[in-house]
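Should a chain be cited, it is by its letter among A, B, C and D, assigned in written order, with residues numbered from 1 in that chain.
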Amino acid sequence: MSKEDISTVGLGRNRIEALTDGIFATVMTVLVLSLSVPVISTVNLPSELAVDLESLLPNIVSYVISFIVIGVYWVGHHAVFHFVKRTNRPLIWLNILFLLCVGIIPFSTALIGKYPFQQITTTIYGANLIAAGLSLYALLWYSNSNNRLVDKQHDRQLVNLARRRILVGPLVYLVAIILSFIDTRISLIIYAITPIYYILPGKIDLHWSR
Amino acid sequence: MSKEDISTVGLGRNRIEALTDGIFATVMTVLVLSLSVPVISTVNLPSELAVDLESLLPNIVSYVISFIVIGVYWVGHHAVFHFVKRTNRPLIWLNILFLLCVGIIPFSTALIGKYPFQQITTTIYGANLIAAGLSLYALLWYSNSNNRLVDKQHDRQLVNLARRRILVGPLVYLVAIILSFIDTRISLIIYAITPIYYILPGKIDLHWSR
Amino acid sequence: MSKEDISTVGLGRNRIEALTDGIFATVMTVLVLSLSVPVISTVNLPSELAVDLESLLPNIVSYVISFIVIGVYWVGHHAVFHFVKRTNRPLIWLNILFLLCVGIIPFSTALIGKYPFQQITTTIYGANLIAAGLSLYALLWYSNSNNRLVDKQHDRQLVNLARRRILVGPLVYLVAIILSFIDTRISLIIYAITPIYYILPGKIDLHWSR
Amino acid sequence: MSKEDISTVGLGRNRIEALTDGIFATVMTVLVLSLSVPVISTVNLPSELAVDLESLLPNIVSYVISFIVIGVYWVGHHAVFHFVKRTNRPLIWLNILFLLCVGIIPFSTALIGKYPFQQITTTIYGANLIAAGLSLYALLWYSNSNNRLVDKQHDRQLVNLARRRILVGPLVYLVAIILSFIDTRISLIIYAITPIYYILPGKIDLHWSR
């Protein structure tokens, strides 16, 4: 067992990452189950099939957005765990809390895909993403405060950049929820474009490259 | 192949843990499928959607509880396998029995989520958790009795603490089943709070830290 | 890249085993989806719920049997790959053929669980297991004939024992299919007890232990 | 952390391959969910069951084809990543784009399985495979152009062969879509036989063996 694998309950960083990768892989795949094949009585009518498939469009859009959003959290999780050198009981349970929030995204995705312009589904979707983002933030904060589970000589400025970067999502999603009371389409546009911020390179990449 | 990987059928500890992590990851994700998106004929009525989503509340609560309970078993499994240095045929099949019990949790979760106050669903849920707990106990007992699959010099007191700790769950769940004949709500509360015992640090952590 | 990882298309033994473990983990979990929660209009009638749950019994039995059968194939696959030192294109595709057969087991399980006493479902289930067994046999045969992908000095007698052991399943399942024309209950009993042969230790274990 | 694991955001080649393998394993398993067990009111009529199962045949054929097609992409992905020595932000997101395309295959498979002779489902299926093929091509192109993420001394001719080989699929599928306007059966035959090109050994294997 390598030094990186030191843990208090036999669960090293590698094991936690294995469960995390497995859950992310399954969640990203389960998303597709929200796309249900339309059932049409008269198969001979291709026009009806076309109409039914068109009505699936919001589901396909929400599939794509959620797949990318979960990809953002996956990248974020690995960035957070890049620093973690030891594990302990609270870290494991904060991580399971994070996975619980990620694991419910297929439900809120199917919900907003079916009822895209309802204030309530827009709020649930945003609240789900906020919860995931905040629990990721908690993971970073907990492992780094007082150098609890990280090396002392690691780049503090990089951690501060990462903390701010993670918080952008929950803040923007909060704004989206508030705006959903005016017009849910504004919220949907915000949900669609926020991942771009995380996909594009940022100040943080300058630090990683060092 | 490292010394830790010695096995009688080509299946070392690492392989068994890979299957176990994979099943745990999938089971935790599949839980969410018990949350089905309500189908409403008149989408224009947000109030009806709100009512329907509210009726999903027991499902969401049971999702959260089961996700955490499965997390408890995952942590427990790794603690048990922390000691295992060799594998053999009975260990592999005890492990598959354990995974079989864990794999059925999404069904009993969906069941108790849909019919939360029925004596029968409360019993099935509790019986499922008891079966998972007892098979985990069997794994610990089998690998440790006569130092069958563990090192001789390992901490016996730690193993005894672990055995008692694992048995708490099945015992408490048995009480919950009995109390379900009086009032199922008592059982539900017991199911909800039992994981806290396993999440909080216990006497066992003092031993791990050494 | 270790010597064991030599491959002609960048796919070493480890990668193939990773996909295989992942598919096995998911297939074993997806089995549970054949257990659907009954929908009862009058929730106040616990008796009706009990009846509906009782009618799920064949599904639960088939879940348990299939979970164990898939466990048998998983153990078998690793025994087969224990010898494999090199990979090549035909091995990769024989392995994908094997996984294709394993991947369809949740469907034939759900089928036999819903219509347990029908000749046709009994035949489909048996044919599925035969296909999985024969493709596993093909994997062992292909990698070993002419020492194609194995070391020359490995135990030939062990391989012969393994080949015979793998063939027992398909042969017994063929008999079960034939007997299903007389009485499907005989076939079901055969499906239920065949895994025991693979779980119990056999002559082959004497060789492994060496 | 090995030299192969160098990355700019804490995500080395191994981590990306772990998520990829996990998603491929789950996608290949989730395919089977498109095979739904027929619900028959009068179970006593085996003939009706036989008819219903026969009507599942297109679904079973599309399950088999898609399983193999996804196997082709899995082999292709590992061939592409065989060269990759470093990772960076665009590579991670090109890979997630590729996984997004692969992850939607279970939906288009269920669609073409249910409505096999419709021009629209044939087109959607083909478009899905083209998108997956082109994103795989983008991964190979991006990592190799200007030796961006690969070693300088690696076999350029091999990469060129791989690029041409990957492009065959999208081109053939484009032809299949065009021909679907004449007769969808021609397209289905093309979808069924195209994987054979990738399964059979080609010029590229001569290079790998070196």
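We take it that contacts are C-beta pairs under 8 Å (C-beta built on N, C-alpha and C of every residue); 3 or more make two chains touch, one makes a residue touch a chain.
Keep in mind that this is a model prediction, so the values were computed, not measured.
Q: Compute the rotation angle for the C-alpha superposition of chain A onto chain B, expressed as a multiple of 5 degrees.
A: The superposition gives an angle of 90 degrees.
Q: Over half of interface residue numbers shared between chain A and chain D means same, under half means different, so which is it?
A: Answer different: the two copies use largely distinct residue numbers here.
Q: Distance between chain A and chain D based on Cα centroids, please, to the nearest Å.
A: Roughly 25 Å, centre to centre.
Q: Go ahead and note the Å separation of the Cα centroids belonging to chain A and chain C.
A: Taking the mean C-alpha position of each chain, the two centres sit 35 Å apart.
Q: Which positions in chain C are in touch with at least two other chains?
A: Each of 18, 21-22, 25-26, 30, 33 in chain C touches at least two other chains.
Q: For chain B, which residues count as touching chain A in their complex?
A: Residues of chain B touching chain A: 17-18, 21-22, 24-26, 28-33, 35, 37, 40, 43, 46, 49-50, 53, 63-64, 67-68, 71, 74-75, 78-79, 81-82, 199, 201, 205, 208-209.
Q: Which residues of chain A touch chain B once you look at their complex with the stated criterion?
A: Per the stated touch rule, the residues are 8-11, 15, 18-19, 21-23, 25-27, 30, 33-34, 89, 92-93, 96, 99-100, 103-104, 106-107, 110-111, 114-115, 118-121, 124.
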